[in-house]
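Below: one structure in structure tokens.
Order of writing sets the labels: A, B, C and D. Residues in every chain begin at 1.
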């Protein structure tokens, strides 16, 4: 097609949009039904969850095809279905859902990856006795996540957002008998809460400013037309427009959800959950929700930007993202738990996405999100299969040489790893990451993020090489009997591996289909896309960096992996850095001595307050009652057996006194009632006498 | 005296009688009977007001009465069930002896 | 204030008095049915056909029978040795009298403000049905729920008891 | 001529009433109709008793009454005279007033029921707007009298019989009501005349009676079962199961009071069959369009007698149930099925008049019948019976 076609926005809702709500609704209903199942009905539960999710996938594909066809005919599809939920005085609380390229792509990604992970869980959780509960939670999560994706009302989005948070909490704490898991669940919940508070503030502010909760509503939504203009006109503190301020608040929520510094601490601990959960929630979908949220409210963040310029909000996003990327990558270097390494790499990749959003706009960040979802899910599932094969062993130092024992896992894992490192040309990660780097290169504000990100690439390659060589090369330092996982687990791996490689094709500079699709432009294939100034040089650089990282990693850890007890190669080289990295820059400790300590102190204060002040008040009351009871003793001889002791005892005595009114005889009560009626009616008549 | 007043007086009388029964009888079932009487008196009021209301088509009082009849049926079923089970446990329906709930 | 009214209300009041005063519990229940019948007739006198028949159906057909069952199941029919009236019944009586006097006073206070003869309302059962499933559908549903709950509750409370189960 | 034959009683009444001053005419009309009912149905009762004894005799290979009059036709009259002249025994310990009132109340209540039955075109005593409700109200108040009879006799057989009777009547009254509600839903009125009118038209030569619809048939069957139980007829005649409790609640009655009970029972049978006829069998409307020339009241009474004969037939055929079976049957099979029937009726009402509704409704009903039948069959009701009192 030619680029000359003008893309006309199209708003009328089509049938598929009308039934879009089914996509989240069906899995949620399924989880509700699954909740009723009994333990033995495992097969039924699994079948129900998988069936419903595949139904959702089907619908999502239909929606996607609808959008793509519309796009192919030069229509930028943005169909919304809105309705009023509650009417509070003059204000309407509107809910609604939307079908546009963004949501369409996310729908397909979430439901597809989710489905694969569901299938995988059938194998992974096969021996768990809470199988049905697991699938109940999984379905609920999938439904909520899809709800986040399609919602066109920030309130609806927030509801699903919280639901997602809840399911994440439930699933991290799925093995609640493990104290570590319980703690991790709590940590995740509370940490994300911190972000969500700001998010909620942002929502309220937005509602207060624009008077609507809808994103798009034929020009009346908060992200379009006059509402946005009004937000821009409204100045907030320190040079921010209201739009920017709200954007930042929302970004705080997003940061909490997708583990940006400084709210990243919960994500690594979240790996206490079952591996499919880590793959589904903490790699592919939920953590991406934050990024998606930013992409969704992008107009808000971008509002007021000069052409090609940036806004304060976007700058903040960029800096946070870039620093997260490097920070987490550094920590990942020094971890030994296979899943923790992946977790930190997830954090850093999320940093990349955020930076991509901040630098290059929706398309860049979202593209990395999609590719990352696939290869990170692949990596996690591979890790899960490794753990499964090594009998729940998670320490990479106790593995090794698995490439012989589990060849399929090894190959797929290697593909995922290369994609993550951004191995040139063949792998999707390369293209998406290059998009971000390119954007960083051309960023007008500062060049530092660019260098940080490049450094991040190096680190990524390094720690992934370290991990892989620990796990798959050398000789087995752990359990001798290692078995390949069943097909139900390996098949999803292969599928994901395929996509981890293939997805790159839709985002190359030569044929930037993805970007064109998201931004509603025509995409054309021409190799001149590579001839943008500095692009080839950039590609070369990043490839070099990747090779450097790989080589370094191989050099240090290659085939000669040490004994489990032996110090790490890097540790031998620079012990103090290693220590810092291993202890995650002491962030947790920092929080421990600051926030948590403060809360503990505050709790102690409150406790003291309770004991002394309120306790004193209570004692005083008790004492006065005591006095009264003393009085009553003389008046009434029936209660003499009240003790002479301290307040509470006499409280009970006086209570007993009062209770004599309540002698357990119904008719007494009835009498009192009747007397009250008499009094009431008498008063009524007296008052209404002419 | 208007007819409405007559009906209301009858209702009041019935109510008082029911109340007296509920207040003076020992047997729990008879207390229930008294309560039923009171309910019926209330129904009579409702119907009378409906009949003499400016807009009987609105059916307000009538509906009220019908619903209260339905509710009374439920009340009777549960109440008598309670009495029976109490009798099964305490071997009495004498309210003066059913004072175990005293504080 | 027709003759019918006096007759029927006399019947209702007499039944009520008997229901409250008689010694034998079953007699009380039967007298209660008389009172119910009188009330139903009063309803008919008020041109409330539907309510009247519903009254007969529900109260005489179900409630009275229930009460009788309960009496027989709880051996309530034989009069207890220590009197049928609760101790300090006098107070109860006094209170009831007070209630009546106050109510009657209220009625008489406002007697002249009350409306006189009004036109006989032309309300068919059809209208009532329409209202029930139209304007009053929510109460209807709630009552349905309540009845279900009551049935189940009664069955649970008085398990194995026919009296409770209906 | 045809019209005259059809309306003959109405015309006769008008002719008679015309003699009176206009002021008395309405009262006179009512009185005449009441008189007619009070005369006709006892006559029918006598006839039915004879019929029943004869029919049962034939079914059991004996002759039945054959001494008094031709074919023993005068037997009922002889019985009546006998019961009138018998001594009226009231047990010493009986609760005399209640014992006396019970049969009267029964008969009165049953007679009231006839007031709303349309026994022919324009042949209804009072065309009430809530006729059906009135009928059931009257039916409900018979239970009280039955209880009074049983309780006041101070006889354990009577009391047990009365309790059984009341329990059974209440249980089946629910079914009776619900199965008629189905008809009300379709006819859209509680007035029996309107219900008959709603059925009184023909598609081709065939009538549009409600029994000729899936829900109607199911409803009618349920109604018939409930009616049999409501009138304490065999196979539901436990209340007077003579092998278990001598004669149930009227053990202690003799002479004319007993005759009243006997009468009341048969009148209840008549009225309930009449209602069934009105609701499901098109009341007084002719079974074929080419038979409309036959007077309507003839149709009504022939249908009535037909259902009476079915009652007799059942009595001659079926063995008696056991109390717990009876209750289980009522609450676990008949009631749920009737409720389902209600839903099906609603479905029928809102499915338009294509052929689909026939298929769908019949399918649902048959499926439900089969399933519930199986379930009921496999749940065993035949274990040792446990009697629970509030001890």
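The criterion applied here is as follows: a residue touches a chain if its C-beta (ideal position, glycine included) is under 8 Å from a C-beta of that chain, and two chains touch if they have at least 3 such contacts.
Computed from a predicted structure; not experimentally measured.
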Checklist entry - Given the two chain pairs C-D and B-C, which is bridged by the higher number of C-beta pairs in contact? => result B-C
Checklist entry - What chain lies farthest away from subunit D once each centre is taken as the mean of the Cα atoms? => result A
Checklist outcome for this item: When centres are defined as mean Cα positions, the distance from subunit C to subunit D in whole Å is 28
Checklist entry - So how far apart, in whole Å, are subunit B and subunit C when each is placed at the average of its C-alpha atoms? => result 6
Checklist entry - Counting in whole Å, what is the centre-to-centre distance of subunit B and subunit D, each centre being its mean C-alpha position? => result 33
Checklist entry - If you average the CA atoms of subunit A and of subunit D, how far apart do the two points sit, in angstrom? => result 70
Item to check | Residues within subunit B bordering two or more other chains | outcome: 19, 23-24, 84, 87, 95-96
Checklist entry - Tell me, which residues of subunit C touch at least two other chains? => result 50, 54, 62, 69, 73-75, 86, 91-92, 95-96, 99, 103, 161, 166
Next on the checklist: Among all residues of subunit D, which ones touch two or more of the remaining chains?
Outcome noted: 390
Item to check | subunit D-facing residues of subunit C, complex | outcome: 26-27, 30, 33, 37, 40, 49-50, 53-54, 56-57, 60-62, 64-65, 68-69, 72-75, 124-126, 160-162, 166
Checklist outcome for this item: Given the complex, residues on subunit C that touch subunit B span 1, 5, 9, 12-13, 16-17, 19-20, 25, 28-29, 32, 35-36, 39, 42-43, 46-48, 50-51, 54-55, 58-59, 62-63, 66-67, 69-71, 73-76, 80, 82-87, 89, 91-93, 95-97, 99-100, 103-104, 107-108, 111-112, 114-118, 121, 123, 127-128, 131-132, 136, 139, 143, 146-147, 149-151, 153-155, 157-158, 161, 163-164, 166
Checklist entry - Where on subunit D does subunit C make contact in their complex? => result 98, 128-130, 133-134, 136-141, 143-144, 147-148, 151, 159, 163, 166-167, 170-171, 173, 188-191, 327, 388-390
Item to check | In the complex, subunit A residues that touch subunit B | outcome: 655-656, 658-660, 662-667, 670-671, 674
Checklist outcome for this item: Within their complex, subunit A touches subunit C through residues 667, 671, 674-675, 677-678, 681-682, 684-685, 689
